[in-house]
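You will see two complexes here that share chain A, one where it goes with chain B and one where it goes with chain C.
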Partner chain A sequence: MKTFLRVILILAVLGVVGLLAFIFVPVQRTAAVAQLPADYKAPAGSGEYAMRAGDCMACHTAEGGKPFAGGRPIHSPMGTIWATNITPDKETGIGNYTLDDFRAALYDGVRNDGAHLYPAMPYENYRKLTEEDIRALYQYFMTEVPAVSNKVEETALSFPFNQRWGIRAWNWLALGKPGFEPVSQDEQFNRGAYLVQGAGHCAACHSPRNLLMAQDGTDESSAAFLTGGEIDGYTAPDLRGPQSAPQKWSTEELAAYLTTARNAHSTATGEMMLVVRDSLQYMTPEDNLAIATYLKKIGSTGGSTAPATPSAAPEKAEVTDTEKMLTEAKADMPLGPRLYLDNCGGCHFVNGKGAAEIFPELDGNSLVTAKSSKGLLDVMLHGAELPSTKDRPMRVRMQGYNDRLNDEEAAALATFLRQAWHNDAPPVTAEDVKAVRR
Partner chain B sequence: MRDVPGLPSRRSFLKASAASAAVVGVVMQAKAETPSAPPPIEEYQPVCLKPTEWAFVMAATARLIPSEGEGPGAIEARVPVFIDKELAGGFGEAADWYMEGPHDAAAHPFRGWQSPLTPLQIYQQGIPVFDAWCQQTHGKIFAELDAATQDKALTSLQKDEMKIKPELRDFFTILLQNTKEGYFADPMYGGNHGMQAWKYIGFPGARGSYKEWVLKHNVAYPLGPVSISGERA
Partner chain C sequence: MARTAKKKDVVIVGLGWTGSILGMELANEGLEIVALERGHDQNTVPDFQYPNMIDELKYGVRLGMMQKPRNSTLTIRRNVDEAALPYRSLGSFLPGIGVGGAGTHWNGLNWRPQLSEYRLRSHVEERWGAGIIPEDMNLQDYPVSYEELEPFFDRFEHVAGISGKAGNLNGKKIEGGNPFEAPRSREYPMPPMPVTWDGAKFAEAAKAAGCHPFPSPGGIASQAYVNEYGMQMGPCNHCGFCERYGCYNYSKSSPQTAILDALKRKPNFEYRTHAEVLKIEMAPDGKTATGVTYFDEKAGEEVFQPADLVILAAYQLHNVHLMLLSGIGQPFDPATNEGVTGRSYAYQMNGGYTMFFKDEVFNPFIGTGANGMSIDDFGMDNIDFGREGFIGGAYWRAGQSNGQPIRSMALPAGTPTWGAGWKKGIGEWYGHSMSIGSHGSHMSYRGNYLDLDPTYKDRHGRPLMRMTFNWQPNDIRMTQFMKSKMEPIAKSMNPTSMQEGFKKDGAMYDVRPYQTTHNVGGTVMGDNPKTSAINRYLQAWDKHNIFVMGAGAFPQNTQYNPTGMVGGLAYWAAHAIRTQYLSNPRPLV
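Then we have the complex of A and B:
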């Protein structure tokens, strides 16, 4: 009996020591994946380019705030995470960060004081950055970004999420190998893969999360990678399935969408609109084509260049029942299609095809048929606006119908849209609508 | 014809009530949250018109677009409400017109608006002048005359038989114009109540989605109108 108690005691002590070690022993930081000379100078402009590719601005600049001075709330299921000041200000920013500190933040999600960053910072993805890009980014943030003194609200999640040391265990399970290893002979494919998996951190939204809330796959070797996720209640669509937009569009159409937020079929809304506005429009045409090429190749169709559906074919297509009903416009038609004619048909037309680069197709539109109806309802009620991009400067705008549709009407219209033409998505309720109104 | 001078006849009132009931009924079917129906026009509290001015506008518009005969009249369409709101707003105070002098009110009409008065002031000054003329010529102010005499008086006003002063010469013109506007404008401005005027002439409203109908000749368009605020009929 005594021996048994002694064993228990020893085990308990070992457990406590282990826990303390787990909490207090500093995290081993990942070293550079390539050895560059100490006086290495990143090519002019490459730092800003890498920043655009990583869309650092999206989170680290507050609405109406100074660039990179932080203070933007990031809503997560665990609570609000406040984006930090990443200007080179020594007191409130990252002015005291060494290159190794900086790399550790991007690779390991660790601050220079050793505390763990919340994975709202997509270090799962930034971990793939090359040492050249790390250097370029470091140089950019230290010498090109003006220092801004801005003390950002401290993120205060509730227990247990306020115990940042717990992320250490999460990191063991979630983080893959640092750096990027090309898997193809095709340089364009590899470049696309690097941008998508690394800086672009597409998987942060477009991959589902596993049970640990980690991205379910950070490269194409995982079947779930980029097959659709969720952000703030909105659906980030699947990019790989046979009915997904990238697989139905041509590579060029996909690249045009990335560069200009619009193409022959659709327009970017919500978070993706912001990604194009702040990040993708600054990519070179070659890089956006590389991203498109990569996404097409990893799709279920394997990147066959012919579109999976003849949506780009001349308009000899069959006339759907929906189109017939809308064309006849009978006085006793149901409320949903009647509201479509009253509100939407002028631009999106009875065939739901809209007009290239102006009015998105609603037939087969991933936003319309998304698992969560929040995105569709948000656009219907509050409208949408395309960003002005270099190649397509026009801010095409759709008005919101918040005042024109009551909850039941908006639900009837959204339900109609989700089941019209070739669409087949579950109905929407008035409660869904109420939740989206602001 | 009229039970109470200045107010619509009982017949037209009943017709109007029946019409609005029918309209509201239709809207209720399609709209779950029906905005509460406006108070009867007799209970409407004018925003800027004084009681005598309101009585005149009620009586005059009721003769310009009468309730008898085909289609809704100005009263059923709540045209006076539209005029009151319009005069209380930017139009009434000529907010975006050039109103600095010099004014030459007697200038040729081809030279446009020459009066120093705003449309609201023209109503405010024109109505007493016209009422005084009616009193003198027909023995009662306009609102208290019978319909036939009202028609005669309005014709006299249009032909300017009373030689109204030049500053007020556009009185009849804007009265007629505002009546038509109130009849056909979108219901959001207070008139064209229940889109009755649009339904009457077959105008399908603010839909803008008729591409399929361009080449369909002599086929009646099946759907009723829709208003800017999304009202359906």
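Then we have the complex of A and C:
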């Protein structure tokens, strides 16, 4: 009995020591994945380019705030996380970060005081950055970005999420190997893979989350990688299935979408519009083509160009029942299609095909048929605007119909859209509309 | 005391079609530019958005997109013996206001003049002798040839996004297009718009009469379009709300769809709205301008904007007014036929037939501003002026533009204009009528001119501009000729009844009914500084750093809608500024 108690005591002490060690022993930081000379100088412009690829500005700049001075609220299921000041200001920014500190933030999600960052910072993906890009980014942030003194609100999540040390365990489970290892002979594919998996952190939105809320796959070897996720209640569409955009569109069309937020089929809305505005439009044509090539190859059809879908159907497409109904426009037409003719048909037409680069297709549109109807309703009610990009400077704006449709009407119209032509998504209720209206 | 703004390389007065074009072309040269727009800013969404925009009462009748006479107008009289009175209620013509200018509320009809029109005086003298030119007609050649302008017409058409069918590609006649057009170097950027039944019906009759119908060219997108600046249009849905409206559908060619978002990206371009230019300021030696003074509506004060180059890109009437107020060019005097600024104001001589068909249904609510089929068989190139006794010509067009209930319900003559009889008439005839229009040239005359009004002043204390204008026998003979040719074709279509609307001998100008916003001349271009205000590059003869855009440059009006020519001349002038003027600012002629 005595022995037993002693064992228990020892175990308890070990447990406490272990826990204390878990909490207080500093995290081992990942070392550089390549040895570069200490005085390595990144090529001019490469730091800003890597910043654009990583879209750092989108999160770390507040609405109307100075670039990278932080203060933007990131809404997560755990609560609001405030993006930090990453300008080289010594008091409120990252001016005191050494290169190793900086790398640790990107690779391990650890601040220079040893505290864990919340994984809203996509270090699961930034972990794949090459040492060259880490150096380029570090030099960019330390020497090219003006220091801004801006004390950002401390993130204060409720218990247990305020116990940052818990992330240590999460990291053991969530983090893969540091650095990027090409898996193909095709350099374009590898370049695309690097951008998608690493800086581009596409998986942060487009991969589902596992039970631990970690990205379910950070490269194409995982079946769930980029098969669709959620961000702030909006659906981030699947990029790999047979009906996904990269599989239905040509590589060039997909690249055009990334560069200009528009192509022959669709236009970018919501978060993706912001990604194009702040990040992808600055990528070289070769890089966006590489991303498109990679996405196409890792999809279910493996980049085969065989027409898989209605949008790739031959010129003389069959007339759908929906098109027939809208064309006939009989007096007893239900509310949804009637509202479509009154509000949408002028641009998107009775065949739901719209017009290239300006009026997106609604037939087969992933926003229309998304699991969550929030994105569709948001566009219907509040409109949407394309960003001004170099190749397509026009801020094409769809007006909102907030004032024109009541909850029941918007629900009837959205339900119609989700089931019109070849679409087959569940209906929308007036309550869904009410929740989105602002 | 005026505040002085930071100096710019270029100041552009007015941000419509020509202001946008010059802004873009000169911004590409790296110049620091400011455009001053007296009106408000406006964008497709929210300013033109559906359904707010398709409000006929607000925009079609109460003219929501036009300038308010209380802010800006002119006085009008028909001859020097009348006292001119302010144009207090817009009628005959409708100048627009706001960013995009008239380019936002036009119908979209886009043409290039015929070959004879660029050298009309020479053409007449060579064929018939100067003897057929009426004594009071100030008939002049353009100082630039069609061959020189062709690349710039082409450029404008491809920027603006024009739908149409070429009839003459580099001299080769193309079936289905206009066989009488001047040779073009390329097809139109978009195929023609589909045609409504009235246009098709007219084309059938015209063809049977030996004419050569073709689809009307216009700035209405027949498909999705991207221009050289990456700017975009979407296909038109034929809602019929073009003229007097901004297009809610990104389908009508305008500075908003063709240029502005691309221009706004330029860090060296800036524009200020509610900034009405009052005067162009001159250097002490009077040879160059130093900038402009404008009224900053928001601050309620005058501002001097210094600049090395002044581009007048306001509406024709305002350009002439500013030149008169600023002492640019000698004001025209009808007594001596001397002076250049205000000289040769001209207009458009239009007419037409309306036909009623008991058994035809036209669905007039389907349409566009540039809809329909046209013929050029009675264009200037094809008319024997000596035999017919006039100088001029017209193109004809049939194509409904809208079925709007307040203004677009044609009724047979004699139908009551209100009450039960009117209702009965509407019930019987709405959707059963169509018309054929004759869109005719208008020559320039000694008696039709613009000067400063001796009596009336505007809200800034400046004299209003005075228009002296009346119809002249030559143009009435032209339009009566069109009537004689159109009548048998209209009859051949077997209408239940038909009625004509052509000006007759002795007709006096009436400013009340809408006629056309094709006000031209007043700052005409020429190769003689005694008979023109600006040279072949649209440069003021006597102040070399002022360039004057717009239809004011037309020595006399062409038989077509002016926008194609205005756009072509703007690109032509921009090219001259870029390639000849900037490196060595001087008089280019």
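Please note the rule applied: the second predicted complex is superposed on the first by the 431 of 438 C-alpha atoms of A that agree within 3 Å, B and C clash if a C-alpha of one lies under 4 Å from a C-alpha of the other, contacts with A are read in each partner's own complex, and residues count from 1 in each chain.
Keep in mind that, in the parts below, contacts are C-beta pairs under 8 Å (C-beta built on N, C-alpha and C of every residue); 3 or more make two chains touch, one makes a residue touch a chain.
The shown structure was predicted, so the numbers you read here are calculated from the model rather than taken from an experiment.
> Quick one: classify A:206 as touching chain B (first), chain C (second), both or neither.
A:206 sits against neither chain B nor chain C.
> I'd like to know which partner A:346 touches here: chain B for first, chain C for second, both or neither.
In the superposition, A:346 contacts both chain B and chain C.
> State whether A:335 touches chain B only (first), chain C only (second), both chains, or neither.
A:335: touches chain B, not chain C.
> If you stack the two complexes on chain A, which partner ends up touching A:399: first (chain B), second (chain C), both, or neither?
Touch partner of A:399: chain C, not chain B.
> Just to be sure I read the superposition right, which of the two partners does A:391 touch: chain B = first, chain C = second, or both, or neither?
It touches chain C, and chain B stays clear.
> Now for A:327: first (chain B), second (chain C), both, or neither, which partner does it touch?
Only chain B; A:327 stays clear of chain C.
> Looking at the overlay, what does A:409 touch: chain B (first), chain C (second), both, or neither?
first
> For A:357, using the defined touch cut-off, is the partner it touches chain B, chain C, both, or neither? Pick first, second, both or neither.
A:357 sits against chain C, while chain B stays out of touch.
> I'd like to check the shared interface: which positions of chain A are touched by both chain B and chain C across the two complexes?
Comparing the two interfaces on chain A, one with chain B and one with chain C, the shared residues are 343, 345-346, 349, 404.
> Where on chain B does chain A make contact in their complex?
For chain B paired with chain A, touching residues are 30-33, 207-209, 211-212, 221-224, 226, 229-230, 232.
> Which stretch or stretches of chain A touch chain B in the complex?
The contact residues of chain A facing chain B are 326-331, 335, 338, 341-346, 349-350, 401, 403-409.
> In the complex of these two chains, what residues of chain A are touching chain C?
Counting only chain A, the residues touching chain C are 343, 345-347, 349, 355-359, 383, 388, 390-399, 404.
> If we count contacts the way the header does, which residues on chain C are in touch with chain A in the complex?
Residue list for chain C touching chain A: 43-46, 49-51, 223-224, 226, 229-235, 237, 239, 248-250, 257, 261-262, 264-265.
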